[in-house]
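Each of the next two complexes has chain A plus one more chain, namely chain B in the first and chain C in the second.
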Partner chain A sequence: MKIKKKFITITSIFLVNLFAFNLYGVEPDEILKDQKQEERARIISKNIRCMICQNQSIDESSAPLAKDLRLLIREKIKEGKNNKEIYNFLTERYGDFILLKPPFKLITFLLWLLPFVFLFIGIFLIFSHNKKSKKV
Partner chain B sequence: MKKNLLIIPSIIFTFVLLTFFYLLVIERNPSELPSNLLNKDIPIFEAENLIKNKKFISTNEFGNEIILVNFFATWCKPCRDEHSYIKQFNNNGIRVIGINYKDDPKKTIQWLEKLGNPYSDIPIDKHGRIAIDWGVYGIPETFLVNSKGIIKFRHVGPMSKKVFKKINLLIKEIK
Partner chain C sequence: MVTLLGTLSLWLTLFFSISQFFSLKKNQSLKIIKICVIGLLIFSLISFFTLMYAYIVSDFSVLNVFQNSHSTKPLIYKISAVWGNHEGSMLLWILVLTIFNFFIFKFYNKENFIFISKTLETQAFITFGFILFTILTSNPFEETIKVHADGLGFNPILQDPALAIHPPLLYFGYVGFSAVFSMSIATLSLENNQKIAWYNYIKPFAVIAWTFLSIGIALGSLWAYYELGWGGWWFWDPVENASFMPWLLGTALLHSLIIVEKRKSLQTWALLLGILTFLLSMVGTFLVRSGILTSVHTFALDPSRGLYILLFIALIGTYSLILFASKSKRYFDNNYFAFFSKEGSILVNNILMAVVCSTVLLGTIYPLIVEAFTNNKISVGEPYYNSTVIPIIIPAILVMGIGPILGWKKEKKYEILKKILPSIFLTIIPTFFIFMIYQSLSFIGVIGILLSFWIISNNLMMLIQKNKKYHKGMIIAHLGVGLLILGITGSSVWQKENVSKMKIKDTVNIEKYNIVFDKIEESVGPNYVAIKGNFLVYDKERNIITKLKPENRFYHVENNFTTEASIHTNLLRDLYIVLGAGNINDGWIVRIYYNPLVIWIWIGAIIIFLGGITSANINLKKLKTFDQ
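On to the complex of A and B.
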């Protein structure tokens, strides 16, 4: 019986923490009344880097600047701006670095293509090595 | 042929190694990001002026002389540390505009009375929106704006002797 109680307690703590983590960052007073607008804001926020923490999105971050940017995104949505306009507004000020997923551009094409180039070099080397080994 | 093929990964590996070594050796702050506003016009903004009774309108103030823009706050300890450098710019005849970031106006006035006021104007950025327009992500931040209203330099964090010298050199260059 004791074990069962312990199990329930631990599972409850785990579940509470799991869901608390998902909501981390966004505060109740920020949430928009319009559910669709709020969903859009969350999606955009998940793609925007917190410039202070850098490896977190502003959706997850509790940094003051992240909160300011979340509020700004919600304001822009309410003003009727589309996603592209909001992303442009932010990249004009903070550069592409603010986007967690770097765009495919002339200056970033190496970043996107190099892994594939290395993959093909690797495959080519393995095949050519195997061919030669078979011949021997 | 086989030997040649094995050379390729070695070259790539050496290149990567040398790149990392170079980045390690050169003096740089990896967390400092280049400003996206460099060589661009300053953002247009209007705000209440802490030390003057009229509104601060950026279009009326920039574009005539070299101006140093300093984002500061009294709650920010590094701002206090760099204050002596900011005062030196003012003493050298450079106009300094201090943007008061999310601060208490009363505290700011007291702070300036105690430490000295090097700012010609102090626009109040109550909600941090002016800072966002300037791409600011850490207080203090300092921008050097030329006489055409174009941003020529940005420094994130408190000013050091080295940065102070660098800005002075830049001022001489763009004068």
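On to the complex of A and C.
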């Protein structure tokens, strides 16, 4: 029993060393030398969804696909592409699903409009209440 | 034996909930109702503790224990595993329902017996619905077919002290709103000649539920902060939204009840909030449990469960909203009030909370709707919420600072100015100092810090004045919110991050700290093994500040890795280190965060909790004296 326990411990420690994958996104070898370019890459990555994760940006994800995209974004930045071109490139390839901030389109029309509608209804209610209070 | 006792008591709770419902419907004597209420409580306690016992003694003949536990697991996680899975958490849900059922019953007296009877009737129906759900689709007392030597283990990221107590606190919040719901339904079904001061009954329950929901959410955030390792504490995850929505409506409800009590105005609105808050709590459960939104909280993907909860919510929702539509007119009033008054500020609060809640709901379900009705798929993530929610919340916080010091009915504008002048000074001075320290001007940073000190100074002024007309619980809770905003702003605006590959003896520099990677060692825990990094933190004068020891753990039973961040906290900043992959030759990936003012988030949350408890206490006392 004791030998078995020891065996488990030793193999486990071996496994931790071997597989303790990097859980959290950006790895040191990806980082661009130019600080401004790197900052841009980080901001873009924070708005790009990791396609195979739950509600994670590629900036946070450890998935290989996320790493590929991070590298791709950095390549594009080095090529001198601007942010809009990079977002366009990504959505052409992967669809709107990849954007964590959905674009304003027919399909997302209500998503962006309704919060304003809610707010205006709210403001209207406050005003109408105020008006009635003056009458009383 | 365990399965028999558990199943039997679960069936008995079903029996008592049915008899409570019908004995109230048929106006049976108080004695019979008392037997039902107490029977329900006792047998839900028995079924809950039977399962807990099975976990503690590691009885693997129970399927639920076999699937979620292991004999080597520390005792505290054997206990918390009871609610760390779907079936067991339903037992907790039922237990909390019956506890509230019991406390509602305790208020029974000659004056209010019609109101309390109607409340208990609804409460019995809700309880019945959840017990039936548990028995039909999620019985935790199923037996295993084969005899197993040991269990399958328990998700390692849930083996954590904050997460062990997070569900019970959160459930007291979610389920506490069931009492508010039942009372709102009872109020609406009273005849005109049976009207009572219903708001005095709803208020303590709403405050208790809100308080526990707040601290439950905060604990979940705290856990996300140190366990998920991104240095963040809120991710706008659908599951977080599911708890945030009832919190927002609950906040609106608490405030609207003040107007109802003092001015007999907004009664229909408060009743609607009472109904919607609990409906949203249940919708949250449905979204999370059904597997429509997959996350840590989705314990099992089973469509029959989702369907049952959906039908149950639809039934209760339709019934309550139809009742509201047909009966609420009687509570409509013409008591309007001026904009520049305490009532006016509460109205603004209510409207803005409702707007934020609708927006969060929209963002959470919109991707589901798009996917269901078109061939497209879209994501709604953090950037959406940041750009919609924050602009609406800012005016709410501005009003929050000034609202409590305004007078009832009407306040002259220059009077207001006189009242807030000292706090304007008190706001500007510390803001100036904060920016001296952090030396970074960002628009959102300036706004956040200003708002934070605006709230803090206004409440400190109220505290100093010792004016009896200010509600103590309110001042404490509002102070907590001020500190919370300080922490939120600091950590989101001034966070610094350093990612690098470090070999032993390498040094990394972040802000004014030098961090040396001293050594790496192996360590063995009760049910895991780990490698532990050892980092020495020095300040500019080469004085040692602290040692940080982030870990990578391997849980061999579950065959799972977790990383444990190591954090050094003081009042101004957190230093936060996580260890990534690596080896002796190439070095390890090390992620270091400098997170300013994070601790104020947790201090703020605790103070909000204390404020809530104080307020609940005051309201309960008021109700007792009112009853006599």
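Some points to look at:
The working rule: the second predicted complex is superposed on the first by the 89 of 136 C-alpha atoms of A that agree within 3 Å, B and C clash if a C-alpha of one lies under 4 Å from a C-alpha of the other, contacts with A are read in each partner's own complex, and residues count from 1 in each chain.
In this section, a contact is a pair of C-beta atoms (placed from the backbone, for glycine too) under 8 Å apart; a residue touches a chain by one contact, two chains touch by 3 or more.
It should be emphasised that the depicted structure is a prediction, and the values quoted were computed from it without experimental measurement.
When the two structures are aligned on the shared chain, A:Gln54 is found in touch with chain B and with chain C. In the superposition on chain A, contact of A:Leu114 is made with chain C only, not with chain B. By the touch criterion stated above, A:Pro28 is placed in contact with chain C alone, chain B being left untouched.
Once chain A of one complex is fitted onto chain A of the other, the partner contacts of A:Gly95 extend to both chain B and chain C. Within the superposed three-chain model, A:Ile43 lies out of touch with both chain B and chain C [touch as defined at top].
Using the contact criterion defined above for the overlaid structures, shared-chain residue A:Asp68 touches chain B, although it does not reach chain C.
In the superposed model, more residues of chain A are touched by C than by the other of chain B and chain C. Of the two partner chains placed by the overlay, only chain C lies in contact with A:Ile126; chain B stays clear of it. Counting contacts as defined above, chain A residues 54, 95, 97, 118, 125, 129, 132 meet chain B in one complex and chain C in the other.
In the complex of the two chains, the chain A residues touching chain C come out as 8-9, 11-13, 15-17, 19-29, 31, 46-47, 49, 54-55, 57, 60, 95-102, 107-108, 110-111, 114-115, 118-119, 122-123, 125-126, 129-130, 132-136. Remark: chain B residues 1-2, 5, 8-9, 12, 31, 33-37, 43, 102, 127-129, 132-135, 137-138 touch chain A in the complex. For chain A in complex with chain B, the touching residues are 51-52, 54, 64-65, 68-69, 72, 91-95, 97, 118, 121, 125, 128-129, 132.
Residues 229-230, 235-238, 294-295, 334, 336-339, 344, 347-348, 351-352, 354-355, 358-359, 362-363, 366, 370, 374, 376-384, 387-388, 392, 499-501, 522, 524, 528-531, 552-554, 556, 561, 563, 578-583, 589, 591 of chain C touch chain A in their complex.
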